[in-house]
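One chain, chain A, links the two complexes that follow: it is found with chain B in the first and with chain C in the second.
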Partner chain A sequence: MAERPEDLNLPNAVITRIIKEALPDGVNISKEARSAISRAASVFVLYATSCANNFAMKGKRKTLNASDVLSAMEEMEFQRFITPLKEALEAYRREQKGKKEASEQKKKDKDRKTDSEEQDKTRDEDNDEDEERLEEEEQNEEEEVDN
Partner chain B sequence: MAAAAAAAAGSGAPREEEGSSGEAAVPPPQAPTSAPGARLSRLPLARVKALVKADPDVTLAGQEAIFILARAAELFVETIAKDAYCCAQQGKRKTLQRRDLDNAIEAVDEFAFLEGTLD
Partner chain C sequence: MAEVVVGRDKCGEQRLVSLPLSRIRVIMKSSPEVSSINQEALVLTAKATELFVQHLATYSYRHGRGKEAKALTYNDLSSAAEESETFQFLADILPKKILASKYLKMLKEKDEEDEEKDDDGESDDDEAES
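Entry: the complex of A and B
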């Protein structure tokens, strides 16, 4: 069971898929190697989390943010990850923004049908709700500090 | 077993298409959705979040941080698989073995943190 953090494994199917796509066609992977890589990925996340947390604490913040993780990558000597990670982050932020705007638009359209007076109230609620779903504390503070 | 992790993380990250538990069973965790930009991250964010929360020193982690960690873990898997493959290639084998991984860990400095953790 999940007695140690390293036992929290990422799903085997996804790990296998990532490995197969990284390797040339026709190359296989033994079960032992696959599960070792899966375990290594968990250890990587734990180690990166710990490094990132150090940066957050240095910045006197209690919430890990994206730049803490990027700093951790540098610290761990995985600089080659930094550029692709920044690109992924941009894409992720665009997607989140798109989703928020889409759901705001839906609400607007719905409200227009029912009662136009309540439009403004719901828009404010949406902003707070979507930012940090993990915990309720300190959500607004940390979102601004990213860059 | 993973139910505990999934249950603990169940309240978080429902918007990501990878949010469901993705057990270690045979079929892939989710069917591809038709949402635009659906391939930003293949690893389920809920599992990554569970790992992050396992660290007693971590108080909170933002959604973006979890996402980047997931993506970094994917890059890491690709990287270590490729490095291990170089060793297998030298042995003219077409199947990656555990020992190829061990060799890669020993040979590559960035993987030093893994030493002793995979046993």
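Entry: the complex of A and C
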């Protein structure tokens, strides 16, 4: 949860890198411009969330899903983002399917600094249920929230 | 959720999103009406935010005045918010900078306008009273 106002800021270093990548080489970005873009990005997130939430509510769903976000982009007149976002979504789904093992491993390493082989096996079994995973995730997400 | 710290993805593979998902989630959750967000929606919002940052930066730079100086300034951004319809929602947080003297002049002009209106109103009242 956001406890301090700065929790609603995005990391400046990452924002700056994204700006630099988008602009031609050697363009100077003033400090003021950086922080303005960073603020704009936070507002964008809120605006997108609010729009997406409207679509979820229309669909009588409690949980925001990918299609809500895509609809929100259209509503916000950011149609130009839809194709790259769909590509990103596909890439994400592929990644979840293919690299689940690796990412789970990473996550686990972080969660608890132990990595016994037994746990690996249980994770592997989980992978068989990949297809059901996306729906499951939605539920998990809700559970996380309730807690 | 523990996110991989950005910049640690040096192991060749390009990460899908470079903004920290945990932070994006906190911002999304700060909206009171939102109850829960699934992972795909979170990833898409993060990605959309990246695209947005790129778009805002390139649009402001291309339409801005700093192009000759090879610089992106605050004014370029606030002009974008003012001129472009898609960036309109940013107008409040990217107000145009103006000189204090100009602002005072604007205030004065506005006061005068208001006074004129008030005068009209008063004269109406006067008429009604008499």
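Going forward, the second predicted complex is superposed on the first by the 93 of 147 C-alpha atoms of A that agree within 3 Å, B and C clash if a C-alpha of one lies under 4 Å from a C-alpha of the other, contacts with A are read in each partner's own complex, and residues count from 1 in each chain.
Assume a contact is a pair of C-beta atoms (placed from the backbone, for glycine too) under 8 Å apart; a residue touches a chain by one contact, two chains touch by 3 or more.
Computed from a prediction, not measured in an experiment: that's the story for all the values here.
> After the match on chain A, would you call chain B and chain C a fit or a clash?
With chain A aligned, chain B runs into chain C, so clash.
> For A:Lys107, decide between first (touching chain B), second (touching chain C), both and neither.
Touch partner of A:Lys107: chain C, not chain B.
> Going by the contact rule set out at the top, does A:Tyr47 touch chain B (first), chain C (second), both, or neither?
both
> So, does A:Lys60 touch the first partner chain B, the second partner chain C, both, or neither?
In the superposition, A:Lys60 contacts neither chain B nor chain C.
> With both complexes superposed on chain A, which partner does A:Arg17 reach: first (chain B), second (chain C), both or neither?
A:Arg17 sits against chain B and chain C alike.
> Which residues of chain A are in contact with chain B in one complex and with chain C in the other?
1-2, 8, 10-11, 13-15, 17-19, 21-24, 26-30, 32-33, 36-37, 39-50, 52-53, 57, 62-66, 68-70, 73, 76-78, 80-81, 84-85, 88-89, 91-93, 95, 134, 137-138, 142
> Would you pull the chain C residues touching chain A in the complex into a rising list?
Contacts found on chain C: 2, 4, 6-7, 16-20, 23-24, 26-31, 33-41, 43-45, 47-58, 60-61, 69-74, 76-78, 81, 85-86, 89-90, 93-94.
> Report the residues of chain A in contact with chain C in the complex, numbered from low to high.
Residues of chain A touching chain C: 1-2, 7-8, 10-11, 13-15, 17-19, 21-24, 26-30, 32-33, 36-37, 39-50, 52-53, 57, 62-66, 68-70, 73, 76-78, 80-81, 84-85, 88-89, 91-93, 95, 106-107, 110-111, 134, 137-138, 141-142, 144-145.
> Which of the residues in chain A come into contact with chain B in the complex?
Where chain A meets chain B, its residues are 1-2, 5-6, 8-15, 17-19, 21-24, 26-30, 32-33, 36-37, 39-50, 52-53, 57, 62-66, 68-70, 73, 76-78, 80-81, 84-85, 88-89, 91-95, 98-99, 132-135, 137-138, 142-143, 146.
> For the complex, give me every residue of chain B touching chain A.
Within the complex, chain B contacts chain A at residues 1-2, 4-5, 12-15, 22-29, 36-37, 40-44, 47-52, 54-55, 57-69, 71-82, 84-85, 88, 94-98, 100-101, 105, 109-111, 113-114, 117-118.
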